[in-house]
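Worksheet for the structure shown next.
Residue numbering begins at 1 within each chain, and the chains themselves are lettered A, B, C and D in the order written.
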Amino acid sequence: MKRIAVMTSGGDSPGMNAAIRAVVRTALEHGVETYGIRQAYAGLMAGDFELLTSVEVSGILQRGGTILQTARNEEFKTPAGQKKGLRRLNEHQIEGLIVIGGNGSLTGALALHKMGIKVIGIPGSIDNDIFGTDMAIGVDSALNIILDSLDRLRDTASSHQRAFVIEVMGRNCGYLALMASILGGAEIVVTPEKPFTMQEIAQALEDAYVRGKSHAIAVLAEGAPYKATELQEFLDKQTNVGFEVRVTILGHIQRGGSPTAFDRLLATRMGVKAVQVLLEGESGKMVGLNGRKMDLIPLEEAVSQLRPISESYFEMARFLSR
Amino acid sequence: MKRIAVMTSGGDSPGMNAAIRAVVRTALEHGVETYGIRQAYAGLMAGDFELLTSVEVSGILQRGGTILQTARNEEFKTPAGQKKGLRRLNEHQIEGLIVIGGNGSLTGALALHKMGIKVIGIPGSIDNDIFGTDMAIGVDSALNIILDSLDRLRDTASSHQRAFVIEVMGRNCGYLALMASILGGAEIVVTPEKPFTMQEIAQALEDAYVRGKSHAIAVLAEGAPYKATELQEFLDKQTNVGFEVRVTILGHIQRGGSPTAFDRLLATRMGVKAVQVLLEGESGKMVGLNGRKMDLIPLEEAVSQLRPISESYFEMARFLSR
Amino acid sequence: MKRIAVMTSGGDSPGMNAAIRAVVRTALEHGVETYGIRQAYAGLMAGDFELLTSVEVSGILQRGGTILQTARNEEFKTPAGQKKGLRRLNEHQIEGLIVIGGNGSLTGALALHKMGIKVIGIPGSIDNDIFGTDMAIGVDSALNIILDSLDRLRDTASSHQRAFVIEVMGRNCGYLALMASILGGAEIVVTPEKPFTMQEIAQALEDAYVRGKSHAIAVLAEGAPYKATELQEFLDKQTNVGFEVRVTILGHIQRGGSPTAFDRLLATRMGVKAVQVLLEGESGKMVGLNGRKMDLIPLEEAVSQLRPISESYFEMARFLSR
Amino acid sequence: MKRIAVMTSGGDSPGMNAAIRAVVRTALEHGVETYGIRQAYAGLMAGDFELLTSVEVSGILQRGGTILQTARNEEFKTPAGQKKGLRRLNEHQIEGLIVIGGNGSLTGALALHKMGIKVIGIPGSIDNDIFGTDMAIGVDSALNIILDSLDRLRDTASSHQRAFVIEVMGRNCGYLALMASILGGAEIVVTPEKPFTMQEIAQALEDAYVRGKSHAIAVLAEGAPYKATELQEFLDKQTNVGFEVRVTILGHIQRGGSPTAFDRLLATRMGVKAVQVLLEGESGKMVGLNGRKMDLIPLEEAVSQLRPISESYFEMARFLSR
C-alpha cells in the first residue's frame, strides 16, 4: 500500500484528532501517505480529500472536535452513492480506508468493505454503545466533564436542601449515566436499561432526605422514559420529597473540550493498530480494546448489536449510594 | 468591639468562604473574635452560633459553597422574628454583624440595623444584580464556568451545522448572559433587559448561516420571556434557520466550584473592609467595589433597586458578534 | 468478620478517598464495620483509629489527598514495632486490614499478614511502578495534570522559538514521563529506563528546529540522570539547538486535585474487591487490574519487583514525535 | 482612516487573541480594514502583513497565545530599522497601528509614533508591571493558573508534613507572587519589592509548624534574590523548620491556556477603545484600565516606570496568613 485515507464520521468525540495524528504518523513510518476526507461520507461523495503530512497533524492531539469535521449524508446510504464513494477513493488511488465513528459510520465502512476496498473501523462515540470494545474514543472525556459538573452541583448543594436532576447523553445506552452516578456520588440513576419510574425516583429522594442527606442527585440518561423537566414537574408535586428540585441539562458540552489522557492513549493506540493491520491486509474489521490488548472484531459483528453494560455496575451504584 | 458575627445568606456563591476567612482573620488582627452563624437567618433564630478561630477558616479559601451554609427562613421576615434575632445576637454578646448575600439577605441586614445593632453587608450573588457595587462575589466564577461551557460547545460545533441554545442564570438581570455572549462569541443574547422575540432569534441564526458560519450560539438568561426548550421547539419549526438546534441548561453548576482569583480577591477585600468599618462604628452600609476602591453605600439604597447594565455592552455584543 | 480497618500510606494519590469510601460502603453492605487508621503506620502504632460510618465517607469521593492522611514511621519497620501494630489491631478487635499505598506500604502490609492478621493491599502510587496491576490509583489523575501543563506550554510555545524542559514525577519508573511524551506531543523523553544523554537531547532539539518546528518539548522523569536545570544549562551552551530553553518543574502539583473518572472507578472497584476477598478469607494479596478484570496477586510477588514499561510505548514515542 | 494594522509583541499573554478580534471587528464596524503583522517587529521589518477579515478572527477569542505570534527583533531597535518599519507601514498604506505588548513593545510603539505614524498601545503582560493600567492583559489568567497549582499543593499537603516552595513569574514585579500568596493561602511570599532573606523564610515556616499547621507554602517571584532550588537547599539544612521542602517551578505554563473571563473582557474593551481613539486621531497613547473606565495615558509615561504594588496588599498578606 502506498496511500490510505481517513475520515471521522457521526457525532464527534474528544480524541478523534489524536487518532488522526496516530494514523498519519504511523503510515509515514511505513512509507505510506494519508489523505484526510473532510466531512465524512459527504466529503467522500464530493471528493473532498486533502493530503495530511506530519505538519498538518502537528498540534492537533489536544484539540476537541475533529479537524476533518463530520457531516450527515443521505446519498451514501444508497447503493448508487456507495458506488460513487468507491469511485472517488479509486480516483484518488486510495488503497485502504480508516473510518472513525459510531454505529452508523461503521455500517458505512462495512458497505465499502463489501464493495472490495480495504477498510478498518475505529470506534468513536461518547455513549460507549459500540459492541466489541471496552471503551470507545471520547467516553472517558465525556465522563470527566459530567463528573466535573456533578462535583460543582455537590459543592453548592451542601448549602441548601436541594435535589438536582442532571440529564446526560446516552440515547440507547446508559453507560455514561450509570458511571457518572457511581463516580459522582448520585443517589439514583435512570437509564434505558433500568428505567425507574418517576415514583421510584421520588421515593429514593425521600429516603435520602430522611437519612439526613443535605442534598440529593439523580442522573438521567437522555434515553430515560421521561425528560429532566418532566421529572422536575412531577417531583415538585410530591409533598414527601423534602428537597427543592433543580435541573441541569448538559447537552453538547459533553462532546467538547480537550481529550483526557485515557482518550488520547486509546485513540493513539487504535490509530496505530488500524494502520498496522490495514498494511497487513486486514479489512472489514474494527479495532477494539479488549482488556489490555487491541483486538480486531468483524465490523459485521460490531454493528449488529449494542454494547451491554455489566450488571455488576448497577449493583455497585445501589450499594455505594447509601 | 470584642465580638462580631458573620453569616452567609441567600443563594450561595463562590468566594463566600474567602470572605468569611478575611472577616475572621481581620477581626483577629484587631483583637476581636468572630462567631459564625450557621444557615443564615434560620440559624440566627435557632441560636446556631459557633466561634470561628483562625484554624476553622484555614483551607476554606478555595472551596466553593459556604462553610456556614445558607437556608430560607420565613420567621425572620416578621417583626417578632426580627426581635428574636436581635435577642439571639445579644445573648451571644455580638456587637456587630456582617451579612454576606444578595438583595433579600441585605434587606434582612437592614432590618437588624434599624433595630440598633451594627450591621455591614457584603454583596454576594452570581447574577451581579446588586446595586452599589461594580461586581458582587461569585459573578466572575460563574461567568468563567459559563465561558468554559461555551468554549466546549464551540469545540464540537465546528464539526456540525448546529445551533446551540444555552440557558444561564439571571432571573432579573441579564449581566451573566450578556457578558457570556460577548466573551464566549455568541451570535445573539436574550436578557430581561433586551428580550428579543423568538422570531428575531430565528432571524439572527439564519443570518449567521447565510454568512457561512458553521455553527451559532444563542445565550438565554433565565429571565428571558421563554425557556430554552420552548425556543428550541420554535426554531425546529422554522425552515429557514439552517441549523439543527441543541439545548444546554447549566443550572446550579454555575454556582459551584472553586472561586476564581478575582472572586477571592474581591471577597477578601470586602471581608477586610467590612470588619474595618464595623470597628470604626459604621452600620447600615454595604461594602461595594467602586472602580479600584472599596466604598460604602447605605443598605437602604442598595436594596431599593437593581444594578443596571451599561448600554455600551449591548452595543459591543452586537458589533463583535459579526 | 465483624470489623475491618483501612489505612492510606506512603505518598498520597488522587483516588485514595474514593477507595476508602468504597471499602466502607461495601463493608456496610455485608454488615461489617470499618475503622479508619489515621496517618498510616504511625497511627497504627499510636492507636489512632476511628469508626467510619457511611456519613464520614459521604462527599469525599471527589477530594484529592486522603482523609486518613499518611505519615512516615520508622518504628513499624522493626519487629517490635510490627508486634505493637498487631497488638493495636487486636485491641480494637480488627479482623482484617486493607492497606492502600505503594511499595513500602505494601511491604508493611505483608509483614502484618505474616504475623497472622488478614491483610489485603490496594496499589496507590502516581508513578505506576507497582508490579501486578495495569494501573495504580492516582496515575491517570497525575497524567492528566501533566498533559494539561504540556498543552499550556504548547499554547505559548507557538508564539516563540522556544524549547521547554518539563520535569515530572517518577524516581524509578518513567511511565508518567513516557506517556506524557506520547500524549502531550513531546519531541523527546528521558526516563530511568532510557536515559538519553544531554548530547542526544540537544540533537533531538536541533532536529526539530531544522524540520521547522516552532517549538520543542523534552519531558524528564525525576529519575533521569540529570536534573532539568542541569539540562537547561547544558543546552544553553549548545549553539546548534536553535531554541531558547525554559524549565518547568511540576513537583507535587502532580499529586493534587480531584481524581479523574478513571481513578475514581479504579479506586472504587479495588475497594469493593478488597472487601469482598477479605470477607472470603483471602490474605497477603494485592488487588490488581488485569485487563478488564480485578485479580489478586501475592503481596510477596508485588513488592519484589518494579512494574516494567512495555517496549512498544518507547517505540510509539519515537515515531509519533516526528 | 481606511486601513490600520495590529501586532502582538514581547512575551505572549492569554487574551491577546481576544484583543485582536475586538480590534478587527470594531474597525469593520467603522468601515476600516485591519492588517495583522505577524511576529511583531520582525514581521514589520519583513513586511509580513495579512488582511484580517471577520472570518480570520472567528473562534480565536478563547485561544491562548496569539495567532499573530511574537518574535524578537534587534534591527528595529536601531534608527535605520525604525525607518524601515515606517516604510513597510507606508507600503501597505497603513494609517494607524495598534501594538499589544509589554514595556519593550510599547517602547517600540513610541518610537514609531515619534516618526509620525499614529500608534496606540495596549498593555499585555502577565507580570502586571506596566505603569498606567490597573491590570494588563493576561495577568488574571496567569494568576488563576497559579492558584490552581497552589490549590493542588494544598490538597496533597494535608497528607504530609511538607513545605512547598513555588516559583512564579515576575522578574521586576512581585504582583503575581503577592496576589497568589494572599489568594492561595501561602505562609510567606518573596518579591523584588520585599525580598525576605532565606533565614526569614525559615523562621516563617518554623512559626507555621509550631502553630500546628500541617503544611506551609512559600511563594517566590522569579525576581527574588535567590532561586527556589537554592532556598530548598538552605531550608533542608535548617533543623528547626519541621517540614520537608518540595519545589515547584511553574515556568511558562503560566502563560498558556484559554484566557479567563476577566482577561477576555479587558482585552475586548481595550481593543474596542484602541480603535475608537485611533479613529478619533489619538496617537502615542496607551489604553489603560483606570477603575471602571478605559483611559488613555501617554506612552512616554507608561514606559518610563514600573507599576508599583499597593502597600496595603503586603499588609493583607501578612495578617491573612496567620
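The working rule: contacts are C-beta pairs under 8 Å (C-beta built on N, C-alpha and C of every residue); 3 or more make two chains touch, one makes a residue touch a chain.
Quick caveat: nothing in here was measured; it's all calculated off a predicted structure.
Student: List every chain that touches both chain A and chain C.
Tutor: In this structure, no chain contacts chain C and also chain A.
Student: If you walk touching chains, what's the least steps from chain B to chain C?
Tutor: Graph distance in the chain contact network comes out at 2.
Student: Of all the other chains, whose mean CA position lies farthest from chain B?
Tutor: If we average the C-alpha coordinates per chain, C ends up farthest from chain B.
Student: For chain A and chain D, what's the span in angstrom between their mean Cα positions?
Tutor: For chain A versus chain D, the centre distance works out to 39 Å.
Student: For chain B and chain D, let me know how many angstrom lie between their CA-based centres, rounded off.
Tutor: That pair's centroid distance is 28 Å.
Student: Quick check: how many Å separate the C-alpha centres of chain C and chain D?
Tutor: 35
Student: I need the residues of chain A touching at least two other chains; which ones are they?
Tutor: Chain A, residues with two or more chain partners: 151, 154, 158.
Student: Chains as vertices, touching pairs as edges: which of line, ring, star, complete or other describes this one?
Tutor: Ring.
Student: Run through the chains and report each pair that touches.
Tutor: All chain pairs meeting the touch criterion are A-B, A-C, B-D, C-D.
Student: Quick check on the complex: what are the chain B residues that touch chain D?
Tutor: So the residues of chain B touching chain D come out as 18, 21-22, 25-26, 28-29, 54-55, 58-59, 61-62, 134, 140, 143-144, 147, 150-151, 154, 158, 179, 182-185, 212-213, 258, 260-262, 264-265, 268, 272, 290-293, 316, 319-320, 322.
Student: Spell out the part of chain B that touches chain A in their complex, as residue ranges.
Tutor: Going through chain B, the ones touching chain A are 8, 12, 63-66, 69-71, 145, 149, 151-162, 164, 166, 214, 229, 246-253, 255-257.
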